[in-house]
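The following pair of complexes shares a single chain, chain A, combined with chain B in the former and chain C in the latter.
Right, the complex of A and B next:
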């Protein structure tokens, strides 16, 4: 067994590393160029990519915390994947700090002139102001990184007898989850919901949370499959693991669609102008097409394709569905951000550039981190179960 | 041709599974396997093909969805149109909650009904339990052996090898 597992560390191939850094640099260049040519649209794209990167990193952290809290053994060899994703959080933090310089390009409440003639915005200005936004953003990131780092440190203790389900591991996970749920709700109000400062939706935070879960699982699946192809998980990643990951993706996507419908249905049914304004904007012209495509890519495709048992266990199917779902998540973010930064649907260089760049930077960082942890290490007491369990 | 039923009772899941495996490898016909909780591997070991029950669930769900959609459309848009808050008569978003609930209901009831029908369970059925503790903490294998097809004591030896805590035989037909 030890001979078999001699290559259990991962190394990013040079050409992959070069391509990813090139894409990230190109994305950065597009962003800088956009600041001069089309600041509103490029900041919109930037907000999408910042939300995306932060959510992916956080979903890794949440995945890890949930594995600990559920005393999960099945995912022991895969644990490096959410850990590597979680270690990318500083990238989100850096992007968040930069976002603070673009508030006036994105948010109506950041314009004193607009607030002056708007009683509702005046009323909300004790919460929606640049200082408060910055403090909440920095505080949230610091909390996530401090509490998350405690979780990430535990994996170094793999192999010690008492690990992994000691009280302090469970406590740290629980504390992280509680703090995360509250802070993530607040940041989702700040970053996305306040794009439409007159509008509100009480289910919004949960909706973002579900979307985060969908995107995070899709990326985790792709990374696990990449690790299998590249070596460290070869012969370790079993169909059972894929089946479980696929089922999780399936149910998160269903949960997301459920929340989308809950939000839409209640607003549609009650029909109060201050609430419907949000969806009226998104039902006009091509936006409705974007929303429909989101629903098809993020819910209908995984719902139908991942329903049979065999498709969850098939690598080609699962990886393709993950890519589709990820595209759906991007469209979902775009359908939330786009209508308030540009009049019509405009998916061009200014939107695609920052997103591709941020995704490439995330992938580069994540793959680098994947190379620094050992996968399926033999001293992990949970490995045996993970290699033998059955999924009905 | 007459046959005998050999029963063996096991204390642990491991012994039970191992014994089932060796029965299969010796081409013994395992008629029934009892366990107090679901053991996923046993189906694979005994070569039982995957259950078709999910298709019944799917069919039930589709039926419920279609029925609820049709009925709501028919009542609120065809048979007795009522203007509710100025919304169109055939408002899909309004039909969804009921359609979803009907989907779940029909899928669930259909699955349970199919399970009962397939395993011939009905109210008042008198099921003979080969040993009272199979619903508590013991595992049981039941093997059918044609008379004189095996050397005497062969099955008993196999039971012993796998730490059966009790073994007995019975002649005749399956209950």
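Right, the complex of A and C next:
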């Protein structure tokens, strides 16, 4: 039995739980209503929320695997946060299964009539077809959950004295990262890139990966701050931790912007119609504004605000920047999905409903899981370092 | 309290239970005694290679770059391959000193000095090739935008080649400054130990270092700021170099993943080069206690990590070539793998993707001989990667009547040899005249040093 601190455990407050479940139910209701009134738009919103929830859960797993692989000690008391996020993956899986029923509302290649008259889609049809899409989606989720569960298993041993750094933990983390890299690339081609089935970009998977990192870190920061307010991390979460998390967020956001620029600049420079078509669509009408707002929220704001040392260490600043960045990430997903499902910019009930519902469901599940893992166990041999280190 | 001590916290980075004085002796004595025969032997080889390179360069400048194996289809081959190869090698040093400093990786202290030196020398080697390719290297200053008397002749701001000038110029400057600032405390130690003219020279370059607390505070802040400035440069330089190709409308060159993929490949090749040289240097200079198996293993892990990413980039490129449905893309990649230059693609995949996977195994990671062999193969593979990208994409033009083949001339091979000669000559001179290990930084990671909080808490527990 691991030794527990008295205020170690976390319990979601009742009113919070009520609100979150209410929002999740409302989101579900909007989705069902949307199926009758505006199926294309609501499936678009649904794809965004499914991609978001899956990415958040996966970012928790990746964060965990990287902490193990790097033998990181600084984040020892925070490890419950990525673990709780990772445990939400089944929600993503359930949403993914449901997505399989909406393919024809989202993807041009899912219409046999469209494929018939399009030689390019015919060429791709051995990859872009409903069966292949479903098999790859299910296989990816199964691999993530099986390999991820092997990682999460170690969290029970986290508090014990003989906490193993070598061997099983490192192997499981490395295997997960290898499989994840390949599967996440393929699913990003499937879920998002094939929305524009004529377009292609080799940087696309990496771009999604960076976006996942940005969103995941933002959520992890918000959860850590919530845990501090609610008890378990009170007195444990130090400014050093926030500073490090803030720097990571800064770095991921910069990395994302770098990839955005690489993709845009190279396509703009070479100016081949089949490539520029993607960006031309996203510069027409109000899309121009959506893309600009994405860049401002997801890159410019964190870049300027998190540059000084003090702002990373200030809880109010860091939490606000995280919210802004998350909003930027949602807009980014919307600017990828929207143009191919709804034509013009339309942010209304059909888009917001599913996203809010999915986020609320994710938050509810994640907070539940946070109550089941131990935080800052005294037996964790890495705790001493985490409570003493300095960030210059 | 004992269980609060993390198992890895008291892991020693430096072996042999050194005292602070012992570190000083180990690092500075090689500078003060006569060079060993093995150093002279190595120096002889390196300077001979350099001489061959010099002769080739003088000859080709005198006769013209018609002495190369280029033709109207293959306008870029060996020179640009070598340029990109050397710029890539120059990526490990700044990554080790800047990025690992920001990530608080203390193991970097034993290797950062010489890795940074290699960065600077590699960038010097890289710079030679565009200079030669100009044909009239004495007009090199035309690449800079300055108000001139040549009428409307102005640099082309839209050309990635001009971006190169700025990216590499900035990188070289910052790396040099970073390296020099890091050297200051050790230069002062060398000054304090020296006599006569050596004392004067080291004294001049140590900028009046006193070693007071105030000096140290400023020094550490300067290092931190320089690290933050240098970190984006690690990414920017090879991104810009990749745009030399990716902004061209040529299948095999124009692909959006090129900037990050070039950066990761550069780190991959840079670490391989640093590791191969370190394995020799620690043996020849007797630094086994400082560059331990722990350091070597850590570098191996970086190599297998980056190598795997490079492999996934190759796979993505091949998949996209098929997925795009673009006949030109498909032809270019089909030709790259199965065409007349397919052998070079084979070497590239074998050396960059398959061989480094051996480093997953601990047994391989603890055998110096296998590591050395792997790092050499990675260097070969990364050279071929640039060759594959450049030559195999060019040699099959859009018009079959323009198809061509490429074979390097002796002059080009001599120049390549010369660039290695220059690199090793500079590195050997560095080993001889400057402290190869950052003694002041190594002292801070000794278990006896109180600067380390883990050591402190251990003392308390005891």
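Everything that follows uses one rule, which is that the second predicted complex is superposed on the first by the 382 of 392 C-alpha atoms of A that agree within 3 Å, B and C clash if a C-alpha of one lies under 4 Å from a C-alpha of the other, contacts with A are read in each partner's own complex, and residues count from 1 in each chain.
Everything that follows uses one rule, which is that a contact is a pair of C-beta atoms (placed from the backbone, for glycine too) under 8 Å apart; a residue touches a chain by one contact, two chains touch by 3 or more.
These numbers were taken from a predicted model, which means no experiment stands behind them.
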Superposition on chain A - do chain B and chain C clash or fit: clash
Determine, under the contact definition given at the top, whether A:113 touches first (chain B), second (chain C), both, or neither. neither
Is A:382 touching the first partner chain B, the second partner chain C, both, or neither of them? second
Would you check which partner chain A:269 touches, where first means chain B only, second means chain C only, and both and neither mean what they say? both
In the overlay, work out which of chain B or chain C sits against more residues of chain A. C
So which chain C segment collides with chain B once the two are superposed: 57-65, 111-119, 201-209 or 327-335? 201-209
If you lay the two complexes on top of each other, which residues of chain A touch chain B in one and chain C in the other? 265, 269, 271, 390, 392
Within the complex, chain A is touched by chain C residues 3-9, 102, 104, 220, 224, 232, 235, 239, 243, 246-249, 254-260, 308-309, 312-313, 316-317, 320, 323-326, 360, 453-454, 457
If you look only at chain B, which of its residues touch chain A in the complex? 38, 40-41, 50, 54, 58, 85, 87, 93-94, 96-97
Residues of chain A touching chain C in their complex? 71, 73, 119-120, 123-124, 127, 161, 165, 174, 178, 181-182, 185, 189, 200-206, 247, 254, 258-259, 262-263, 265-267, 269-272, 274, 379, 381-385, 388-390, 392
In their shared complex, chain B is touched by residues of chain A numbered 261, 264-265, 268-269, 271, 307, 309, 390, 392
